[in-house]
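Step one of this worksheet: look at the structure below.
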Amino acid sequence: MVRRTFLKAVPAVGLLTACGRSSRIKLALNWKPEPEFGGFYAAPYSKHGLDVQILPGGAGTPTVQMVGAGSVDFGIVSADEIVLARSHGNDVVALFAVFQNNPFGIMAHASRNLTNIGDVLKEGTIALQSGLPFARLLERKFGFSHVKVVPSPGGDITSFLNDEKFAQQCYLTSEPIAARRKGASVKVFAVSEIGYNPYTTVLAVSGESLRKNPDAAKALVAVVREGWRAYLDDPKAANQQMHQLNSTMDAETFAEVAEVQKPFIETEDTRRSGLGTMSRERWETLIGQFKELGDISRTIPAEECFRVL
Amino acid sequence: MKKTLLPPLIPFIGLTLMAEFLVRQGFVRPYLVPAPSAVFRAMIDSRVELLQALLSTSAGSLAGFALSAFTGIAIAVLLSSSRAVQRAFYPYAIFFQTVPLIAVAPLLVIWFGFGIQTVIASAFVASVFPVIANTLSGILSTDPPLRDLFRLYGASPLATLFKLRLPAALPQVFTGLRVSAGLAVIGAIVGEFIAGGGLGSVVDIARTQQRIDKVFAAVLLASVLGLGLFGLINLLSHLTLRRWHASEQAE
Amino acid sequence: MAVQLDAVRRVFDNKHVVIAGMDLRIDPGEFLAVLGPSGCGKSTLLRMIARLAEPDSGRIRTEPNGERFQTAFVFQDAHLLPWRNVLDNTALPLELMGEAKAKRYESARAALEQVGLLEALDRYPGQLSGGMRMRVSLARALVTEPRLLLLDEPFAALDEITRFHLDVQLRELWQRRGMTVIFVTHSVSEAAFLANRAVVLARRGGAIKLDRTLELPAVRNNELRGDPRLGQEMRLLLGAIEE
């Protein structure tokens, strides 16, 4: 009896997997499910006939390599990662920029009475991902000779809470809220203060897929745009879904962060040209900064980095 | 000399040449696997940085390893004293083996701060268990007739420990140390990911810069460090056990 | 030294009766061979006499009972400490008893001379042949000038020629020193060659099936090997074992 059922099931499963393989779209995130990805979870994929699988990430998920290598169809990266990747021959292209302004910042204790980002580097400890361009721009501009540089704890604020002279890189929409919750009073400096402002939480695709099937990419971007609109209007449902997947952030924080991040996502530019829009000017500025840092040897044409669909 | 160095060298050269060919011809993308020549160039270009990092990781892993060796042997001696003590405390020793180091490392930073002390702690946690397990096994597996001999002449438990059980356990102690050496390097690098410094930090930073050639260069140096430590233990083992067994004699 | 066993009983795991009430007296200066099939309890008997194991009931006495460490034991394998040279291995018992270095090395040299290994002082066990290692083990046993020497199938792992050689050497040492020797063996020919008294144990329970004083000359050398009297004793012993 079991044998007969099994034999009947085999071709059926085969058919299903064959279907799945051809139409299942994989979208890799570069962090755990949090409000910064809200619109991707809120997007009505099945309504438009798309089968999308969102793959949560974590510290160090190499999304830009995964997209380039073809192990996922789409991935979330930041604009600076795209510039670097393209300079190494990795053909990835940006399609949709969720964060119009870079939400990276430095978080310090308010009791230090610091007035600008340079002050943070005058003493104490700072936790940074030293390889990131903004960290190196900071070093160039202010120098790290008076501050102890340690690796970024990746969202964990324990060291920060234990030491008044400890500052760390943060997402303006994330760690400061968690710190305030724990009773600390913090002062935050946006990295864009020093003029470094790449698009962040950018939906990217490999140049090859884009050339092969531009319509598929266009369809996905449209649904994503719808999803972000829906999330901005009402984040509750998507927040609940993400909270199930990421219990390290409580429901209240989800709601608070979703609110605080709005001005980064919806700006004058997006009201004019649509959510996720990108401009050539911004890309050119970014490429110029990389050239100055010496991270890329020759200028990359800005128009190859992104496509507005 | 020729017999030990030449055989492993041949496949290494072969693989390197093949990798170079595959990357140059475009079969493998350079941002996924760097060409060996690129790795070599990265080593030359960043030699000062890499050398400093290597020295730092070496210090951290050696210190962690030494701590493991002494503490591990001491713990094994304590555990060997009675079955009751063993049953009560051995499970905790196993904990060192099974705890996922990458999860514990952030805790180590909170306790010990950012600096080489955390790297040493991490190397210790990663490498102490094999020393305990192997030393204990060696001490407990002393030949019963030899133990009888010591009893026959009224030897105290301490005399039996130092004159019989510990020396008899030496081959197994060295087995434990061999395994532990490599683990100490891994532990040090994991510690460096979280606490900064050394080759771990080079790997982490190069990764965020998408400098995969530099990542490979650092990883290669870390492997060389592990191999070096392993070789050192082997040398020590050979010198110590030289006159012992017929098997050691054959080498 | 005399050894007296009264109603000695030894049980393993609460059910396996290895020795069920044995009475045995060994007089001072005797060379006793203990024979029997595997598992008959001969090694257990030896270990109890050596005080390495205690009987579950009954009593084992040695006379005189005064000084300690009058018993020496030679195991089936030489069991030398591989990290010590021959001299240090031989001197080990005296070292454990707390004797000074000079004195114990002197005794060790004397013992090694008796077994003909004086030139091997500095060698390590790993460099010696099986026969040589066994001779060191013997020297080690003799270094405390024991009154009672117990041997548990000591030559079983050696080739026949070495074995014959060591048999002769052991017998000479016994004659020279006048100690009591209890020699456990599987080999009927060895027992007959070496001992002046032989005891055969039953397959189970350690009952004594035969206790015989051997009718053989006092001087035992390789010539005896062809003597019909030896063959006769061997047949008697073998018969008792096979019953």
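By written order: A, B and C. Residues from 1 in each chain.
To be clear about the criterion, contacts are C-beta pairs under 8 Å (C-beta built on N, C-alpha and C of every residue); 3 or more make two chains touch, one makes a residue touch a chain.
Remember, it's a predicted structure, so these values are computed and weren't measured experimentally.
The most centrally placed chain, judged by C-alpha centroids, is B. Among the remaining chains, C is positioned farthest from subunit A, on the basis of C-alpha centroids. If each chain is reduced to the centroid of its CA atoms, subunit B and subunit C end up 48 Å from each other. Centroids built from CA atoms put subunit B at 37 Å from subunit A. A straight line joining the Cα centres of subunit A and subunit C is 82 Å long. Along subunit A, no residue makes contact with two or more other chains. Annotation for subunit C: no residues touch two or more other chains.
Put simply, subunit A touches subunit B in their complex at residues 60, 62, 64-65, 68-69, 81, 84-85, 88-90, 125, 129-132, 148-151, 153, 156, 158-159, 162, 295. Interface residues of subunit C, counted against subunit B in their complex, comprise 47, 50-52, 68-69, 71-73, 75-77, 79, 81-83, 92-93, 95-97, 124, 126-127, 144.
For subunit B in complex with subunit C, the touching residues are 143, 145-146, 148-155, 159, 163-164, 167-168, 170, 243-246, 248-249.
Listed in rising order, the residues of subunit B touching subunit A in the complex are 29-32, 106, 109-110, 114, 193-196, 201, 204-210, 212.
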